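Both complexes below contain chain A, partnered by chain B and then by chain C.
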Partner chain A sequence: MQWITLFQKEMLENWRNKKWIWFPLVIILMAIMDPISNYYLPQIIEATGGLPEGTNIELPDYTPSEVIMMSLGQISSLGVLVIVLISMGTIAGERKSGVSELILVKPVAYRNYITAKWAALIVLVWGALFIGLLASWYYVTILYGSLAFGSLLLVVLFYGLWLTLVVTVSIFYNTLFKSVGVVGFLSVLTIMLMSLVTKIFGRFLNWSPIHLSDHIFDMLMMEQISTELIATAIITLAITIILLTGSIFIFKSKEMAN
Partner chain B sequence: MQEVFENINWAVIAPFIIIQGILLIVALIDWAKADRFNGPKWMWFFIIIFVNIMGPILYFIFGRSKH
Partner chain C sequence: MTLLTVSNLTKVYDKKAAVDHVSFTFQKGKCIALIGPNGAGKTTILRTLSGILTPTTGSVTFADNEKNEDIRKWIGYLPQYPVFYSWMTGKEFLVYAAKLAYTPKAEAEKRAVELLKKVGIEEAGDQHISKYSGGMKQRLGIAQATIHKPKLLLLDEPVSSLDPIGRREVLTLMEELKQEMTILFSTHILGDADEVSDELLLLHQGKIVESGTMAELRKKYQTAKIELEFQHDSIPYQAKVNAMASIESSYVDQNMLHVNAIDITQARQDILHVASAENWPLTSFSLNRASLEDMFMKVVKR
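Let's look at the complex of A and B:
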């Protein structure tokens, strides 16, 4: 199977350039940073000179679900940025250096070339997300209180859809532009615009992928999966599929033109 | 300050420090083996060593060059 070969080549490459080592570690660091620092906040304030006499600030007691959401918050900002940075060169970089010509001169289907790259990134991102949230869950359990493991798996499942969309946006721009910098810039810009539009028209865009983490938080609080969450997940999945199909068509027409 | 160090449960902090250590070591091994960089080789050495947490990440994303 051609697809399997291409996929294995991508996985091997991600292993050789050590993405499989450093990317999960970075996600783990992001996920456990907030649970640890919030737990030690009183000591940190004390160590840095303490509060002035007489001030009385009640530090909030966080619930386990709130702390898991803090980890997601870190992954949503810094994590998404790192994902864009590692994916912006996957196709654009190969086209610039001529590697893609070496591959595509053989009878390789464009569909396979793109989806294999996409799938290798998705496996990496989902693996890292799972490991990172597992580490966060471990800290939440020992420092804040119990959270069902099933809930954690649901968080990974739904939040993974958002990261999948981020990867797909980056792949989409990869097929449009040859410059790695332009791909990265436009991917970040698109994600920022999506969140801006959702914030402005939030009431009408309840199913926007940006709302996924809000709905995940509701799920943790209510302990049930709302129809909004499912609808948002389906919308996210649909946009992903449309973008991926679009990238294959764009890549096909661009390469044919060359 | 002494008191603060005693109050901290090291079993909680240790994984955080160990992961940073692994990142640093993996980055240094990769740096020693690689032969093409974006910029001077020694600049990346100092970035990996001295830029806290972000140093190894910056190296992995921007440091190496394929050409």
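Let's look at the complex of A and C:
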């Protein structure tokens, strides 16, 4: 009951500050950029002045799976930054402004306060991811060939886990620091370090959440869900739960005024 | 009936005690003023009682809390500079605050409308809080602090930032709220404390230096001073006054003659008798009741 109240407030806030409009639009834009630009590349080159007579460019024929992966690639880089951007102030900002002082003197359970904020962000991020990849899928089917809708849903499901982790990392830093900038910086830094460590020790970290998209690509190619994908998904989920639980404990032990 | 017991409350910041072994008890239905200069620890005490801060040592105990429940449900708190979600309307914020304190939705809506009216911002109830003035925010702050019918209302400088009209209205509102709940409010404006509070706690450098009802403190710090003001220079009258048996000493300050009496009742009689017999050009005669200011200065300097 109290959780629902907190959750509804977050949803209403995200609606009133137009996050529910611009964030999905940004994700759609990122998702359809590569499918469209790659398809029309020859026409684009011609329209921008063309190349000398006799130049012969062979453009690779992309498979629908490869193009969907391009969309994921865009969301992995730029999309993650935008997710950090929309989530970095959710608790830190309220503490900084002082409004949390009014809220947390009410008998609000800290776990409700944190998980309601987390859930509202997850709904927003998953909603945008779904709409974005749906748009990408639409262009892929028209321009490159068919891709089963079921496969698309699986991509959303597994890739959504990675974005969930990104949101959770941001929530975690939100409970640690009051400065919105610090939260944003550390969240991005953490994700970059995770990626770096995975690249260096890749052979040993096959189940690192960073590898989710690789395993998703394999899934599309092989048309079956590998055990690596399942294992990586479980690891991602586990880290998410640990971080979220940790956030609640940190928040409980903190004094709200400081 | 005791509502709350605070014992040996201490809050240390950077090795400095902002609140230093403070103990007191609250009786139900009283209005208590926490008085002290800036930095005396008023806000720290209020924040600790509200549960925002955890005491370094000491405890805050509600008398009725045998089951050791979350005390926040019995507390309403208004910070000195309340900040709201500016994208909400005043009414939305009140309903939200009430629901967070487990008030059912229908009841919350009803209370929100009532309180908006009570604090005098009912026309602004459907406006976004971003459009509210400082005074309106202060009123909304009081409304949100009382919407869940707390037993203890904590107000941090509730009237200091208001204009004279707003100040008067909020003080009247506090008089009303006093009937329903115990109020603890901080202020550095002594007149406000004098006006609405039943009891006073004087705070200085984190310690309670004096406490009691207004009458008790008045009595304790009463001075035996009389002030005479003359139309012109008061020097010619000083000797005559000093000659009276009831007078201890006096000093001249231009047209004013400040008199320290041994027996204030006798001194008044003596002076008025001579003054009327000799037709002194008096413009004012005042028996100095100890003002809260004097009292405060005395206590602090002690």
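We adopt the following convention: the second predicted complex is superposed on the first by the 252 of 258 C-alpha atoms of A that agree within 3 Å, B and C clash if a C-alpha of one lies under 4 Å from a C-alpha of the other, contacts with A are read in each partner's own complex, and residues count from 1 in each chain.
Operating definition for what follows: a contact is a pair of C-beta atoms (placed from the backbone, for glycine too) under 8 Å apart; a residue touches a chain by one contact, two chains touch by 3 or more.
As the structure is a prediction and not an experimental result, all values here were calculated from the model.
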Combined model on chain A: chain C and chain B, fit or clash: fit
Which of chain B and chain C A:26 touches, first, second, both or neither: first
Touching partner for A:143 - first (chain B), second (chain C), both, neither: first
First, second, both or neither for A:123, with chain B first and chain C second: neither
Chain B versus chain C as contact partner of A:17, first or second or both or neither: both
Touched partner set for A:5, first chain B, second chain C, both or neither: second
Contacts of A:107 with chain B and chain C, given as first, second, both or neither: second
Which superposed partner A:205 touches (first chain B, second chain C, both, neither): neither
Angle at chain A between chain B and chain C, C-alpha centres, nearest 10 degrees: 80
Partner chain(s) touched by A:97 [first = chain B, second = chain C, both, neither]: both
Contacts of A:40 with chain B and chain C, given as first, second, both or neither: first
After fitting on chain A: smallest Cα gap, chain B-chain C, Å: 7
Common ground on chain A, meaning residues reached by chain C in one complex and by chain B in the other: 17, 97
Complex contact set, residues of chain B against chain A: 1, 4, 7-8, 12-13, 15-16, 19-20, 22-23, 26-27, 30, 53, 56-57, 60-61, 64, 66-67
Chain B contact footprint on chain A (complex, rising order): 17-19, 21-22, 25-26, 28-29, 32-33, 36, 39-40, 43, 46-47, 82, 85-86, 93, 97, 135, 139, 142-143
Chain C residues touching chain A - in the complex, by the definition given at the top: 47, 50-54, 70, 72-73, 75, 77, 79, 81-85, 87, 96-97, 99-102, 141, 144, 148
Residue ranges of chain A in contact with chain C within the complex: 1-2, 5-6, 9, 13, 16-17, 97-99, 101-108, 255-257
